[in-house]
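Heads up, the next two complexes both have chain A, just with different partners, chain B and then chain C.
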Partner chain A sequence: MSSSSKLKKNGVVLSVVPVRGQSERFISLAVELAKDYRRPCIVSLDMDPMSLTEKIKKAGGDPGKMLLVSIRKSTTPTKLPKSQECAETSRVMDLSMALFRLVDTKNPDAILLGPLTSLTSKNSKMDATKFIHYLANDSRKSKRKLVLVCTKKCLKSSFLKDVRLFVDKVSEGKK
Partner chain B sequence: MSASERMRKVLSESLLTTKAEKSAAIVTSRSTVDVVLALFAFLAKENAFEGVVLCVDRPHSFYKELLESNGIDSSKVTFINVGFKETGDNVVNIGENASDLTFMKIEAVRTAQKIRIARPNAKIFMLNDAVTTLLLYNDEKIVGQFLHDINNKLRELNVYALTILEPGERIGTIVKKLADVSVELD
Partner chain C sequence: MARIMVVDDEADIRESTKTILESMGHKVVTAKDGSECLAKLRAGKKVDLVLLDFFMPGMSGREVLEQIKKDKKLAKNKVALMTVARMSETGAAQMRRLGMVDFIPKLLDLDDFKKRITKLLK
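Presenting the complex of A and B:
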């Protein structure tokens, strides 16, 4: 089964990507998602808006068809297109405000979020886990797809062990 | 002058005194229900504020009935039920109990943000009347961080944060420090 058909079948998916080339794999998941969903929301926890947009274009995707959430860097312009939001940091409160500004106004039909390990660098494990739990509940309630991305290396961490409890499917995808 | 009129007088003399004021701690040993009613009468009825209420000790249906039976329009109030499962307009149900502080703060700020986006010029307040209950489920440091997180985000959204406290609570030091104004209601 392709990762795209796994996605269609399951509401909340944890996609495990190799450590090497993880950001390329994240971008290709974003491009794949944009083929199957009307308006996916791509949440990158380790890229600024400029590099996220550039990488999507380079991979043959159309960032204009997507809603983008990324993390602000000192070089990020203050004014961004209406389909983009920047969280000040990857702290749960900053991130959820930026994400829900788009979710509650533009109604995406799918969310791609990763890499999950970036969440635990700025939040307690409890806050990070609860944020993912909240997002998974909200996505199910709204019949919105949720794809979480992590590397194979971090799959054994206690945070990811908890996250796996909320997902419908763990997809190892392309190696 | 009745007790509730006295409370309203103190509130109107102490709250919203400057434009910069964005949060208040109400320290009182009076019945929470009476204080909530006085706050709604002052903010919603007299000053046209929209409200968001964290319903931890009592469900949204209780507040709704309380407001409506006292002539206060509840249609401009959004209720976040914590651990209560109810249906109705302007009500969101979250969590199993008051230990879910992360759920609570995400939902509280998300709700305030939604109202702010829909009505950029609206006057909005958020009421938390259950600090003591939050302390039953979480330690003081965690509750303090929760209040700090929420307060900061509400400030960004220009939403007035109201916290009701009992006198002598240890967490009172943090709550009063976070608040722009502290009012004693006795």
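Presenting the complex of A and C:
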């Protein structure tokens, strides 16, 4: 089974990537999702819109087919295309507002979100866990695919142990 | 009459659960988080059932459950999760493997809540 069909099969997936090359793996998951889904939403918790768009293009993906949520940096232009949203930080409140503006108006059929550890740098573990719990249940209810990305290193953290309780499958890629 | 410990960071939930359980004739002790729950159990508080919230500051319900089951003196305590958390099938199975005896939705249906508590205490 290819890794993209693995992603297609299960509702909420935790995709575990190696620490080294984690950004590249995240981008390649985004490109894979775009092959199987009509309108995927890519939520990067550590990239600004410019680098997210550039990296997707470089990996052979079409950012125009995707909805993008990223983190605002000082160089981020104030006006973004309608398919893009920026969160001020990876605080759950900012992120949630940016993400659900796109979910409510553009109706993505898949969401890729990561790296999960960035959530706990600006939020308490409880708030970060509640956010993922809400997102997982909303995705199931809306029959939307959800792929959460974390590194192998943080898999044993208490936050990830809680997150694993909400996912249907943990997938460890080949790379 | 049974002795039940209610562990929840939300005071309203803690107190309303306490009131309901006391109306059923049970003796109730409360804890505002996982640390207080473990401290009370380690101090020798005897209970027949621990009702544990999942989303709590500090330790989550899973972590508290793990701590209880790891501690030889506490491991025999019966622990149920009383929560709004909806886990996946694999997640629920994992919690059962850790030793959780039931998932009880947080006071959504009073009759169902009472029935489940009575069943768990048999």
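As a convention for this text, the second predicted complex is superposed on the first by the 175 of 175 C-alpha atoms of A that agree within 3 Å, B and C clash if a C-alpha of one lies under 4 Å from a C-alpha of the other, contacts with A are read in each partner's own complex, and residues count from 1 in each chain.
Please note the rule applied: contacts are C-beta pairs under 8 Å (C-beta built on N, C-alpha and C of every residue); 3 or more make two chains touch, one makes a residue touch a chain.
Please read these numbers as outputs of a predicted model, since none were measured by experiment.
Looking at the shared chain after the overlay, A:Met126 reaches both chain B and chain C.
In the superposed pair of complexes, A:Val167 makes contact with chain C only, with no contact to chain B. Which of chain B and chain C touches more residues of chain A: that partner is C. Touch criterion not met for A:Lys35: it reaches neither chain B nor chain C. Judged by the touch definition given at the top, the superposed model places A:Ser158 against chain C, while chain B stays out of reach. In the superposition on chain A, A:Ser96 contacts chain B only, with no contact to chain C. Shared-chain residue A:Val12: touches chain C; no touch with chain B.
Residues common to the contacts of chain A with chain B and with chain C across the two structures: 126, 130, 133.
For chain A in complex with chain B, the residues that touch the partner chain are 92-93, 96-97, 100-101, 104-105, 126-127, 130-131, 133-134.
Only residues 100, 102-103, 105-107, 109-110, 113-114, 117, 149, 152-153, 156 of chain B touch chain A when the two sit together in their complex.
Chain A makes touch with chain C in their complex at residues 12, 124-126, 129-130, 133, 136-137, 158, 161-162, 164-169.
Residues of chain C that touch chain A in their complex: 55-57, 60, 62-63, 85-92, 94-95.
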